[in-house]
């Protein structure tokens, strides 16, 4: 299973904090975005249009990254911590 | 003489006390001569809107990991002795403390540089998000859309 | 909304409490977003010598006047909201607080610049002198002979 | 009367905290340095050799400055406040 986490504005958009997807032992962010599009088309589109930063296992990755069974993927809106 | 400090990196709901953190960092070495502190606080105005409350959330584990990376890089790249980084989450009122960065060096120059770099790096790399409440409602701040 | 603060400039024997000064400066405005603090502390080592004690003296009236000039110029030139400057005199032990500069601005950039400028300006223009006690005796420090 | 104040290393050199001189209604730092030389020749020499900063009534002045009856002159070794 791949865990997908939604934060801040994306959580509001998704209407949930996280999702679980079963996409085999290895897949791509592209493929994951298509799965997400089934219930949240706008988020899938943002992922493909590189409008959102993505981390895999707590490290930011490039759009073409491979993801594996057990990975934690997070969709990260622009950060606004600090003050 | 250096002493390892506990909890140099924290993300917490409760407020912090600047004096306590400064006294903690002083324990790292008897050779500290300059301590530079950045304290971010809740402003009332943002882009002309009157803010009544702020709310911060973070991505647990990743946010702490990024803060620890910032701390280690600051020590390595700027030659400071120690750094403490604390960020609050949850509801924060106007005037309240949000974030604290304490950089302790032998001399002031490296402490200023490290502290200023660290807060910019925190804003750039650390998964923390701010929601502002105004009379018009609540909005997630997207500083770099 | 700005409120005039009392005692933004002080030269005193007793220690100060950083948190208290930060809370005092916050009262100047509800629009403060960044507070940068420089705290100078007594280092054990100076030019290879082990220091056991420091002793500061000042030229009364002139020193206070110079600190007030620094405060006013920092507010004017860097656009910060308020600045507090405190310098201790008399005997100071290793690790103890010597000087505190607190710069409060709407944003962090001007607060960093103003604080770093103010401590450099203090060292350049304010008649305060440091005497170091080492195993070899006491010596007045002359940083720029 | 003109009050002269000695600080830090200069106080040790002078062996006192201050001096009083009666030099008429108006005089110069040059003239004052000669008076000081009578009891502390090294300090007078430092003043003339511009080895020491001088303030009159709490403002740093240039070596040629005129001083007046009632002024407070201070001899200031290099500052070392701050940390």
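Note that the chains take the letters A, B, C and D in the order they are written out, and that residue 1 is the start of every chain.
Simple rule for what comes next: a residue touches a chain if its C-beta (ideal position, glycine included) is under 8 Å from a C-beta of that chain, and two chains touch if they have at least 3 such contacts.
Keep in mind that this is a model prediction, so the values were computed, not measured.
Trainee: Which number of steps is the smallest that gets you from subunit A over to subunit C via touching chains?
Mentor: Counted as steps through touching chains, the separation is 1.
Trainee: How many angstrom lie between the centres of subunit A and subunit B, each centre taken as the mean Cα position?
Mentor: 27
Trainee: From the mean C-alpha coordinate of subunit A to that of subunit D, what's the distance rounded to whole Å?
Mentor: Computed from C-alpha means, the inter-chain centre distance equals 73 Å.
Trainee: Can you give the whole-Å distance between the Cα centres of subunit B and subunit C?
Mentor: The answer is 22 Å.
Trainee: I need the residues of subunit C touching at least two other chains; which ones are they?
Mentor: 33-34, 40-43, 108, 119
Trainee: At least two other chains touched by the same residue of subunit A: list those residues.
Mentor: In subunit A, 83 touch at least two other chains.
Trainee: Assign the assembly's chain-to-chain touch graph to one of these shapes: line, ring, star, complete, other.
Mentor: Topology of touching chains reads as other, fitting no named class.
Trainee: Which pairs of chains touch each other?
Mentor: Here the touching pairs of chains are A-B, A-C, B-C, B-D, C-D.
Trainee: What residues of subunit C sit close enough to touch subunit D in their complex?
Mentor: Subunit C reaches subunit D through residues 40-43, 56-59, 61-63, 65, 87, 98-99, 119, 122-131, 140-145.
Trainee: In their shared complex, at which residues does subunit A touch subunit C?
Mentor: 83
Trainee: Which part of subunit C faces subunit A closely enough to touch in the complex?
Mentor: Touch list, subunit C to subunit A: 33-34, 108.
Trainee: Can you name the residues of subunit C that touch subunit B in the complex?
Mentor: Per the stated touch rule, the residues are 17-19, 22, 26, 30-45, 94-95, 106, 108, 111-112, 115-116, 119.
Trainee: Show which residues of subunit A lie in contact with subunit B when the two form their complex.
Mentor: 5, 7-9, 12, 55, 58-59, 74, 76-83
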